[in-house]
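Listed below are the structures to be examined.
Look for chain A in each of the two complexes below; its partner is chain B in the first and chain C in the second.
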Partner chain A sequence: MLSKKDRREAGQGYLFLLPALLVLGVFVIAPILYAVFLSFHKVELIGGATYEFRGLDNFMKVTFDDRAIIALKNTGIYVAIVVPTQTFLALVLAASLNAGLKGQKFFRIVYFLPTLTSSAVLTLIFMWMYNQNGLINYVLKFLNLPTYNWIGDPDVALIAIMIMNIWATAPFFMVIYLAALQDIPDSHYEAAELDGAGPIQKFWHITVPNLRPVTSFVVIMGLIGTFQLFDQSYIFSGGSGGPNNSTLTVVLLIYQYAFKTLGTMGYATAIAFMLAIIILVATLLQRKFSKEESLY
Partner chain B sequence: MKKRTAGRKALYVILVVYAIITVIPFLWALSSSFKTLGEIVSGSINFIPKDFTLDNYKQIFTREPLFGRWLFNSLFIATVGTLLNLLFNSMAGYALARLSFPGKKSIFLMILAVLMIPFQVTLIPNFLILKEIGWLNSYQGMIIPGAVNATFIFMMRQFFINFPKEVEEAAAIDGLGRFGTFFRIVLPLAKPALAAQTIFVFMAFWNDFMRPLIILSDQDMFTLPLGLNSFKGQFISFWNYIMAASMVFTLPIIVLYAFFNRYFVKGIKFTGDK
Partner chain C sequence: MRRTKWLSACGVSSLILATMLTGCGNDNGKEETQSGKTEIVLSGWGGNPTEKKLLNEVLSDFEKEHPHIDVKLNTISDQYMDVLKTRLIGGTAADVFYLDAFEAPALIETGAVEPLNKYVTTDFDLSDFEKPMLDAFKEGEKLYGLPKDYSTLALFYNKKMFKEAGIKEPPKTWEEMEVVAKKLTDQEKQVYGLGMLPQIERMYYMAESSGGQVITDGRATFADDKVVEAIQPVVDMHIKDKTAATPSEVGAGQSAGEMFGRGNAAMVMEGNWNIPFLEDTFPELDYGTAELPTVNGKKGTMSFAVGYAMNSESEHKKESWELIEYLTGKEGMKKWTSKGFALPTRKSVAADLGFDQDELRGPLVSGADYATVWQDGPTLPIVMNNFNNQFLSAYLGDRPLKEALKDAEKQANREIKVTE
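What follows is the complex of A and B.
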């Protein structure tokens, strides 16, 4: 039995938690359960919603849906290129910025601009620069490099989004690295210097291994973020995923099936679940991989 | 030490080149927002406008009567949403850190589990729930589902666990009740954690694109990202207007950042390495 004082404290505890539990209950927990239900049904939204049980059909359907396969392929390529590139770039920038140079603060503020700016604005700015006779092609021409129809050419549209997103996200991860770099004891570097290590050796043999836990975090956050690519490809292609499905991502496909075509809401939910599982597996694999590595 | 200065120069080159790469898109957008349509269409590459004009800014506020409305919607939703988050997340974090009650551990585990679910899974059911309770196209439909954030409940809990107990005990001896202590003593002392939360939550509301895209269908109710997107469709080749609107949209976040800059890195550290 709880004493009177304990009971009072328990009451206060629940009261303090009440708003959070209500919101999470109605808009997170209940929707997860609802999503499980939806993924096994064909959902029609005419007036009210009607449900027709379909078993595993929604999950099987993906294997013979060409657009789903394209979306998965695009997303996979995007993740495989963007995550390593932005992680490496963030690491190099952070290490450079941590070398005790003047103007550190200034660089930090400048680098942070893309993190502050919304994806919608960034995408519009880049679309303006990617214009056929826009700034980027102008610079390429000036450097005697080939120019592209960045937005209209299916071969380069996804690359255009990759470049934009690496540019936009690397500085954010740089700040995380920067915070961690400050925790590496100077004595490690001094010891290495005594052993005759140069700056590049110090970077590979002290900085990189010491940052392994942070790198793991950065890669996982990167994976979660890149798998969920939506805003940029939506705005870039006007919601279509074009040209010729080249910017169609899994989340854009989920959006289209849920809200743009009739009767495919349950199917869209099933794809969302599969995406969640892919993200979860990728995260777990990454964790396991980085743990094994750190044993050496 | 000659080698050392060479290395430093190389680092400076990396930093300066990357700073230029970072700034150019913004400068280009800013300069385009002050150019006339004629200059925009001519495709000339100059960062200083030949005929400097404020017309684009006047145009978007006068010729597009909804622009002011979108700005208000965004500000209203982000501000109210942020205040609710600060209050609710702190209350929940405090209870989980300081008070004892049955079921505390399972509630905490549930909140951690919620962190792992990607929001795309709950997106479609959320739409149906909001439709059912008639909250599509409404402020509450945009604000309430986002009024609590599991990440920041977790962060506040970590913060309050390390918080000295003596302060609260002193307040209790002075006769303040639990709620009085929380609002008058604990919250004011939690300012650094709240500041970090403010900027992250505000930015999430302010920059959100997908949720408004699904929840809001009336142009009146649009937030700025949606407004901008519809703007693009409407003024497809009027990049001068689009860039002016983009600049208006970016300004409030930069102001907020200038205010809370100090707490930013701290906040990243909080949410970062676990």
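What follows is the complex of A and C.
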């Protein structure tokens, strides 16, 4: 039994928590519960909301929705290419900036700059460069390389977004790697040098293993970020996911079903839940494979 | 002492709450303004600056005649329908809004649009409207919107190029056009006979010209042989004859008008919007317009209509109707269409302004009679998306048309099933 004093103290504690609890409850917990509710219904919110219970219907529909499958495939390819590339690039950049080269502080700033740009602005700038008569094709032509219709060709549109995203997010992870690199004791490298290890051996046998917890973090954050790709493909395709569904991602599809087609809000929330589960599974798998339990 | 602690705790939390809540409250401007006027909101998409200025003039004329009403114009510049839908859900949509005929049936189904039948008086003279444009906003006997203007497609041709190729007059039939296009094409200079957007909204009339149906009972049926045969010539002109091209192939983005203006195409099938565009951007261009070539001996064109619709949850329906009545009435429409940005949907206004006699706009106006209105029920947006996606692959020569359309039809119907 709590004494009167304890109870009063607990009451005061909860009272001070109340604003935060309310905010969380109204803006985080309630929407999630509402979304669960929606995913089992056919919903029409315009003109006086109507809900019609459909059970698992919304979840089953995905199996015969070709666009959902295309969206999942696009997102899968995107994740599979972008996450390893940006992680590796971030690691290499960080290692090179930590090697004690001349002017490395300057390059740290330069490399970090892309991260500061908002992704919408970034996409617009890239679209301008990707233009058929734009900067990138100009450079390619100058180097006698083939040019592409980056925005209009279904075969290259997704690749164009990948390049843009790797360029923009790798520096962010680079900074995280840089911080971790400073933590590796010099004595390890000195010992390895005495044993006759070269720079590449030192990188693979000391730097990479020591960074494993950070790599795990970078990959998980990368997975979550890439699975949720939306703004770039939205702006790139004007909201359509075109040309020929080549830039259609799962989140863009959710947006289209929620706000573009009428009466599919419930279906959209069902896809959103499935995406959440996919991300959860991918994260758990990553953790299992990296065998890193110490940090999270 | 104990009590004051409690009180201050309450005070702090309620203060935080209060600030949060006031942050959420919104002022949607539907309340009466201070001077006792009723304020109603009109929302639409932004046109070009001149067009917007013209609309503001029409609105201020209306306010002069209806001193008790204050109209607030609210332009949604991008993703109009998405914004409108979210506002309708949130209850903050305008009292009167633009509605594209193409999107109208799906929105009408939800009950968000107010039927206008009970407001329309005999004075308003409904029979004066071009019937196809009016029908586009009807569901059975109920009228859900009044067309503010429309445009049809006509054949724009470059007079200089025609002269150089020794062609006296614009082609009358599709076969003639194929022949003429060959003479006009010069691939080395990136000049094509016909500039074409490979989209269903531009060739719906063609697709149905030999008896096929693009949509039957809300289901996509465009893989029907009759439809495939009817639009095969469009693909052939691009792949076999190489006398037609899309704007993006010559670096003109998505604008056939720009392709035409820059001289990359000798002919394009465009609407009324192209006339002010060419005047502004390519004032030197010497061009003419003609009715679209006949397909299988039948006249045909597309017509795109936009109407004013009333929010069924509006608190000022009477005033909203007064606004719609004025804007689509003889006087308001005359002013709105007087500069030639759009064609009037009232026959009397069209005759008044003399657009049917106009050298450039005449062919567009004559098209109104036999045009296919770009509206075919609530499933049209889905059908359009899937058709365009796959048609493009056939148009680029990746696969045969029949096969592409079969796939697209299957996908469209699955998607329609998903939304049910």
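Here are some notes:
Note that the second predicted complex is superposed on the first by the 277 of 296 C-alpha atoms of A that agree within 3 Å, B and C clash if a C-alpha of one lies under 4 Å from a C-alpha of the other, contacts with A are read in each partner's own complex, and residues count from 1 in each chain.
As a convention for this text, a residue touches a chain if its C-beta (ideal position, glycine included) is under 8 Å from a C-beta of that chain, and two chains touch if they have at least 3 such contacts.
For clarity, every value in this text was computed on a predicted model and none was experimentally measured.
Of the two partner chains, neither chain B nor chain C is touched by A:P185.
Residue contacts after overlaying the shared chain place A:N149 against chain C, while chain B stays out of touching range. In the superposition on chain A, A:F259 makes contact with both chain B and chain C. For chain A, the partner that touches more of its residues is B, with chain B and chain C as the two candidates. In the superposed pair of complexes, A:P84 makes contact with neither chain B nor chain C. Using the contact criterion defined above for the overlaid structures, shared-chain residue A:S118 touches chain B, although it does not reach chain C. In the superposition on chain A, A:A268 makes contact with chain B only, not with chain C. Within the superposed three-chain model, A:S240 lies in touch with chain C and out of touch with chain B [touch as defined at top]. When the shared chain is aligned, chain C comes close enough to touch A:K61, but chain B does not. In the superposition on chain A, the residues of chain A contacted by chain B and by chain C overlap at 12, 16, 19, 23, 49, 133, 259.
Contact residues of chain A toward chain C in the complex are 12, 15-16, 18-19, 22-23, 44-49, 61, 64-67, 132-133, 149, 152, 154, 239-240, 242-245, 259-264, 267. Contact residues on chain B toward chain A in their complex (touch as defined above): 7-8, 11-12, 14-15, 18-19, 21-26, 28-29, 32, 43, 45, 84, 87-89, 91-92, 94-96, 99-102, 104, 107, 110-111, 114, 116-118, 120-129, 144-145, 147-148, 150, 153, 178-179, 182, 203, 206-207, 209-210, 213-214, 224-225, 228-229, 232-233, 239, 242-243, 246, 249-250, 253-254, 257, 261, 264-265, 268-269, 272-274.
Remark: chain A residues 6, 9-14, 16-17, 19-21, 23-24, 26-32, 34-35, 38, 49, 92-93, 96-97, 99, 101, 103, 107, 109-114, 116-122, 124-129, 131, 133-135, 138, 167, 171, 175-176, 178-180, 199, 213-214, 217, 224, 227-228, 230-231, 234-235, 238, 251, 254-255, 258-259, 265, 268-269, 272-273, 275-276, 279-280 touch chain B in the complex. In the complex of the two chains, the chain C residues touching chain A come out as 5-6, 9-10, 12-13, 16-17, 20, 79, 81-82, 85-86, 88-89, 106-107, 109-112, 248, 251, 312-313, 378, 381-382, 385, 389-390, 392-393, 410-411, 414-415, 417-419.
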